[in-house]
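Okay, handing you the structure first.
Letters A, B, C, D and E name the chains as they come in the text, with residue numbers starting at 1 for each one.
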Amino acid sequence: MNLYEVLFWLLTVVAIGSALGVILSRNPVSSVLFLIVTFFAVSGHYVLMNAQFLAIVNIIVYAGAIMVLFLFVIMLMNLNADAEPQKNRLVQLAGVLSGGILFLVVLAALKTSSNNLLEQTATDIGLIKNLGMTLFTKFVLPFEISSVLFLSAMIGAVVLGKKGEPQK
Amino acid sequence: MIDLVWLVPFFPLLGFLINGIGWKKLPKSAGGFIGSAAVLASFAVSLGIFFEVKSSGTATVVHLFDFIQSGNLNIPFAFQVDALSSLFLLIITGVGFLIHVYSTSYMHDDEGMVKYFAYLNLFVFSMLLLVLGASYLIMFIGWEGVGLCSYLLIGFWFKRKDFTNAAKKAFVMNRIGDLGFLVGMLLVLLNFGTLSYQEFFGQVEGGQAVVTSSTYNWIAICFFIGAMGKSAQIPLYTWLPDAMAGPTPVSALIHAATMVTAGIYMIARSSVLYNIAENAQHLVAVIGLATAIIAATIAIKQYDIKKVLAYSTVSQLGFMFLALGVGAYTTAVFHVMTHAFFKALLFLGSGSVIHAMHGEQDIRNMGGLSKKMPITSTTFLIGCLAIAGIPGFSGFFSKDEILAATYGHNSVMYYLALGAAMMTAFYMFRLYFLTFTGSFRGTEDQKSHLHESPAAITIPLAVLAILSIIGGYVGMPAVFGDFHPLNEYLAPVVSNHGVHHLEHNTEWMLMGLSTVLVIVMIVVAYRVTKKANFAANTGIAKILENKWYVDELYDAIIVRPLGALSSLLDKIVEKLGIDGLVNGVGKTVHWASNRIRLMQSGQVGFYIFIMVLGITALFAIGFFWIH
Amino acid sequence: MIVTLLIVVPLLAGIFSLLAKNNTAKGTAIVSTIVTLVVGALIGVEAYTTPLSWSIDWIPTLGTKVSFVADGMSTMLSLLVSIVMLVVYISNLNKKVENEGSFYGLMLLSQAGITGVFLASDALLFYFFWELALIPVYFLCSQWGGENRIKVTFKFFIYTFVGSLMLLAAIIYLATSTPGGSSFAWNDIVRAGSSLPAAEQQWVFWLIFIAFAIKMPIFPFHTWQPDAYETSPTPVTIVLSALMVKMGLFAVLRWLLPVVPAGAEFWSETVIILSVIGIIYASLLAIVQTDLKRLIAYSSIAHMGLMSAVAFANTEVGMHGVMVQMFNHGINITGMWLIVSMVEQRWGTRDMRELGGMASTAPRMAIAMVVIALANIALPLTNGFIGEFMLFNGLFSSEVACGTTYMILAGLGIILGAVYTLNMVQRTAYGDAIATKQGGDLTRNEYIGLAVIIAIIIFLGVYPKPLLEMTSGMVSMMP
Amino acid sequence: MKAIIAATILGIVMMFAGLFVKEKKSVVTIATLLLLVLFGVNIYDISFAENAPQSLFNNLLRVDSYALWFNMMMTGCTFLYVLLLGKHIRQVGNHVAEYFALIFFILCGIYLISTYNNLLMLFIGIEIMSIPQYILAGSDKQNMKSNEASLKYFLMGAFTTGILLMGITLLYGATGTFYITNFTFLQTASLNPLALAGILFILVAFAFKISAAPMHLWTPDVYDGSPAPFTAFMATVVKAGAFVGFLRLFHISFGTLGEHWMLVVAIITAATLLVGNITAVYQQSVKRMLAYSSIAQAGFMLFAVVSVNATAWQGMIIYAIAYSVATIGMFSVLVKMKDYTYDGFNGLAKKQPALAFFTTIFLLSLAGIPLTGGFMAKYFVLTAAVEQGNLMWLVIFALLMAAVSVYYYFRVIMAMYFKTGDAELRAEVTSTDRLLMGITCVIIILLGVVPHLFMGNL
Amino acid sequence: MPIQYYLFLSMALFSIGIMGTLMRRNAIIIFMCIELMLNAVNLLLVAFSKMYNDSSAQIFVFFSMVVAAAEVAIGLAIIVMMYRKVHSVDINILNRLKH
């Protein structure tokens, strides 16, 4: 068990544990925090796999920006109490069971899929320079077209978020 | 002349068309005149044809036009003129004419007289088609045609429900027989490829067709079923007494003289077939005999003047079938002829009585009419003597021939037939005595109006009375010498087959026996009617009065169950079963819709839950079922 | 080219009527139908010997064509359409119809559809016309029908539509089995169908047959029919019973028997048994009906049962009889419905328990009724007899096991037929006259309509040769 | 593919138009004109297209004549849609220009989906197509139902995004590429379980987008809750776009693997037909019925997916056009009605004969009655399935379901023609409306009689 | 490190996300669970990228984050809009549209 493996297992346990924390904690704020932890763990995995750029982006964009937005909204709505009424037990059980069964089915389906080993040699494809090259040459179209996505999102935020629509 | 045979049915057809189209506008007298004249014209042509056939003796087929032509099925519309058909032509047009003349007077008060003559002409037309047709199909056309006319005429007074019921009954029972006829035709067509008499009989006699005897028997039986319906034999006879609902001349023409003898004509025509089909022939004899006896027993206790005559007709038809059944074809035809004369006479006579009694038909309310109606009374007596078989009258000759032939065939049947003949004498004279002798039992009102009928009625009566006397002399019994012009005339077409010639002594004895017994029965009838009291019948008499309860029996085992079955099918099978099933599909869809709809609970969580389940299921199918 | 006139004329006339002012509708209908009648007669003279055909490409990607073939059978049925529709239009001249333009427009559209069904020799085209005939009838019944019309008509529509859809499945299947992969020509369909393995033919048979069985209708697919007949306005009932049921039978002869011969052979006995059951069953039900329309509806089921039984008995004379009888039954039942509609119009009811005495109050009508009733029970010298004789002959001589038995059972139908038909005559025409609302005998236009019907009945009963010859070529075309 | 660029730019132009043009009516006019321009660009694209498929943008897109034709047709449908429903769009809310901009962006997404050669483009295309829909669904902000529809749609849509991503990832894991024409299993017969799992996940995601059972549950609620003019667009053009993406992937990439997924798709098809048709029977609101009907119609369109052959492609385009045109037509009638229930249509034929007649044509087409586009559409897809073989059971089942569909479509006809009532209108039916609806009807009839005119040289 | 491990880890996170969407009633939490699912997928993508030594998968992750960001913008806007109306983010009260 080398360091790599130790880190892998550690991050894995953290990721799964905090993911469970997201869905089990009764306080929305702690859910958010658990989710941020999960993101950090996932970023750790990225680093392990030499995807340094993505690891950084993940932390900055996801953990930093997006989750803060979530937190902001939760705070805005005063949902930080434990007040969320729980679904009844049966529904929760059904949720867990169906999710678990799906997990098992997919697992069973994929257990023989591939036995490739991830080599632990460092590669540089995950470096910002390489990614940038690929992004702005090969994938320039999606990059540009994403602007449409953001425009839509912007319109959405304006249209939906703006207050004071007069009553018809 | 033979080429002009189409004129024979054409005149009545023309009469029908004129009267039929102008039934509202033509005056009554014109209708009567046109109707009678048309039949008279036919009679004239028929007479010409008769003599031509008599001299040449050959059968001629007159092809008119193509009728049904499909593949190798080819049935032309053709007439066959030979001894048998020409004889029937004479009977039909001759008796028919007399009855037309009679009707001009009898129906004079009826507003539908022109229509009546149209129907009557149509009947004559159909009957002529029946006997003239050169194939079974053309015969069938006439066969059903006369059934139709019978239906129309029985229900002539259509406002009376029981009359129209009787008409319907007649038609339906005829139809049952017709189905038999149809099957017979199809069997012939299937096995011989033709329906034409000449080709069919040619093949039967020539033995070209490879047909088993059971097929012959089946064909013969099927045809006989047809005859049962038309000629009112057991078990299809009950319509005939009810058919008396029609105007009396109609009863005389259709239900006594002509239509009901169609069955006899048909079997005589098919004698070649019946000679081979022995079992079927035997069946004919048995049914005929049974009908003769049963009908006679019923006639004994009837009080309606026309009902008595009706049952007597059924009984006489039974005799004819008995003759056919024992192979005495010409004898049967002989009896058809004589019967046409005397039965038409009797019916017309009864019509005259009813006319005089203003519609009264119950003989319990008559009596002593001979004083007021001498001609009617005399002619009626002649008719009775003829039907009873008093020597010298026509009935004697034909009936005696039948009895003799039966004796030669089977002595038991002979004695039974003799019994029926005795009953005939009894009920006919019971009828005569009750009607014409003794004292009048009707109302004073009726009594005051009693009168002899006008000439248009009495002249046909007289003519028929004469025919009833002399009509028998065309076929003398063998003991009186070998004088039998009828047999000679018919010989090219049909002759008795397998009839034993009796010893002269035996024949004398049989004649003597029947004559004596008949006279005894007349005397008995006289004694019985003398002290007639019309108290309610009991025991066997009641059963006889109620016609052996056959109508009730049919009602109970056929009509009612059929009605019940129909209602059951309508209410249960159709509405609940089949339609219910169809509607059930719709209802199921509706029900399912209402259930599946509930899945749309409005809860996003539930929707995602279903999605997840769906994904799981798809994975299960994709990975573990397909592989 | 002249063949297309038979369809185009009523189609255009129909569209014109739908759009135009009301008062022109009747005239348009009559004139256009006279045109089709004349054209049909002209074609009839030609098609006597050689079929006329006309075709152009339609949807190239599908390989479908607009192609019509007028052979003896098609022409005869087209003539039937024209005659029946003309009689209907004429005898309805004095009746007020709400929204006449739409009514006659839809009638004409349906007429075009029915004619198209008879003439189309392309499977997809056939299907188009099959539906085109149905849709206007749906609207006609629902709009102008009697009590319960919406529900009943809808049931009828869905029922027949299900059948049509099954037919569509079969057409698609057969078209993809044709040599080129996509041809709808009758010849190709027949070739494709008959070269399918027997097992496949057996289930394709049912796909096709269901559609036709519902239309005819054959027991037990018939329950839409009495209800639909009862509620439809009488002109539409005539279209339904005189023409549309013939579509089913025609389709059996043209699009079923030759297409899947092995399937037909395999199932023929089943169909015959169903048909024979249908004859007796429907006849029995007819006996207990009190509504005139329902009675005639069941009678029609019985008659169609006989025809379909014979169609599947596969004998030459039987087939010929079926074709002849299609025409005859169309004529006769039209007459029946005309009478019924006149009865209803005069006495305001169709319930036989409340009717009676027509012979006293409207004697001409009573006579017409009796004549038509007699034709309905196939009395000799009416047109019904020829057909029925040939039908029985066909069934009797069929090689199907127990053909004789089936024939005799079917023959019970003619006895029961006599019972219910005479019942009907007795209960409506005979007896005492009921208090009349609006009595009176036939009006002139009604008189003409019935006279045409009766003239045809008698003429073909006495001299069926033209009809027989017209259809005789078809028998040999049958496989 | 100038159209992609044009759609983006025109969308932005539209946004700016909102800034400068205050009159809502003019905004609609501008949108109509811009759409006409976009339509023109599409025609331009198609006129100057090469016969052979072209790879664009480093092979991220692969433009073939089918895609061009489809895009043109869908743009045409959108144009028709705006013509028919434009004035109702402007009544939905304040941000009219934005709504139209979103419609342009959706079209841009559709162009991507119809031409992608890389799963990344598929992913982005689907998102570009979906996100505006979430907004449009919630655009009637005062209406609680609209909000609810929007949130439901969004939550489930986002969930599906995850599923789609998982599918793409697994597929990538199995093959090492995102290019749909380069998948290794196109050469070998064997199939990695990863790939199969990927296919199934993608299948689920597409099933959601096209509202196939059991991923259809959002559809009735969202279509019911969204403002009717936008429902019309979501249910037609957008759905057709998703279908073409579906078809592209499953035929071009997975076509040779039919044995692995065909049965699954067949089952989905059957379930969709069943659920859509059966549930529609009980509905009381025509709008909601149309939502279920769109599920049912999707079931028929799935036939094009389940049968891998040329006819399926033809069938897809005909179905897309026929269904879109008829449904847009139906919605254009619906928005005129005051009451969306069946009873609201009672007696419409008396009051508005023309409107009732047009509605009848639309419904007949949806029901698949011959001589309408709906019939031809069904005909093509069913033929495709029959040609595929082994699917006869599904074809027969589908036809039975089509018979059920007649029930709920004809209920509207019955209400209009045969029932008495006082069908009240929300909006006036102008002669322009009638003209446009008439043109729509003509298109439907043309589709039914000469469908090849709408298929170009495909 | 076998790729299987990453596969299973990713699947585990994915399934936890799914469970979360099923168990919770708070729209925001559900949305967060969906983000968790996306992250699980991203993790797997990166693992495959490593396996194939191919950068396009990492580009894909980049775009998936882009899309996620856009979705969050819209999603939160919708939730806020919803909250303004009913003062709750409980999805169970979203049941006006049903059947």
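Keep in mind that, in the parts below, contacts are C-beta pairs under 8 Å (C-beta built on N, C-alpha and C of every residue); 3 or more make two chains touch, one makes a residue touch a chain.
What you see is a predicted model, and the numbers here were worked out from it, not measured in a lab.
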item: Joint neighbours of chain E and chain A, given as chain labels; value: B, D
item: Topological distance between chain B and chain E, in contact steps; value: 1
item: Chain pair with the most C-beta contacts; value: A-E
item: Per-chain CA centroid nearest to the all-protein CA mean; value: C
item: Chain whose average C-alpha position is farthest from chain D's own; value: B
item: Chain whose mean Cα position lies farthest from chain A; value: B
item: Centre-to-centre distance between chain E and chain C (centres being mean Cα positions), rounded to whole Å; value: 64
item: Whole-Å separation of chain centres (CA-atom averages), chain A against chain C; value: 70
item: Rounded Å distance between chain A and chain B, as computed from the means of their C-alpha atoms; value: 102
item: Averaged-CA centre spacing for the pair chain C and chain B, given as whole angstrom; value: 37
item: Set of chain B residues in contact with two or more other chains; value: 597, 600, 602, 604-605, 608-609, 612-613, 615, 619, 622-623
item: Numbers and ranges of chain A residues touching at least 2 other chains; value: 87, 91, 94-95, 98-99, 102, 106, 109-110, 113-114, 138-139, 142, 146, 149, 152-153, 156, 160
item: Per-residue multi-chain contacts in chain D, two or more chains; value: 120, 124, 127, 131, 134-135, 138, 141, 150-152, 155, 159, 170, 173, 193, 196-197, 220-221, 407
item: Interchain contacts (touch definition) - all pairs; value: A-B, A-D, A-E, B-C, B-D, B-E, C-D, D-E
item: Residues of chain B that touch chain C when the two form their complex; value: 24, 65-71, 73, 137, 140-141, 143-145, 148, 151, 155, 158-159, 161, 164-165, 167-168, 171-172, 175-176, 178-179, 182-183, 186-187, 189-190, 562-563, 565-567, 569-570, 573-574, 578-579, 582-583, 586
item: Chain E - residues contacting chain D, complex; value: 3, 7, 14, 17, 21, 27, 30-31, 34, 37-38, 40-41, 44-45, 48, 51-52, 54, 56-57, 59-60, 63-64, 67, 70-71, 74-75, 78-79, 81-82, 85-86, 91, 94, 96-98
item: Complex interface listing, chain B residues touching chain D; value: 589-590, 592-594, 596-597, 599-600, 602, 604, 606-608, 610-611, 613-615, 617-619, 621-623, 625-626
item: Touching residues on chain A, where the partner in the complex is chain B; value: 87, 91, 94-95, 98-99, 101-102, 105-106, 108-109
item: In the complex with chain B, residue positions of chain E that touch it; value: 18, 21-22, 25, 30, 91-92, 94-99
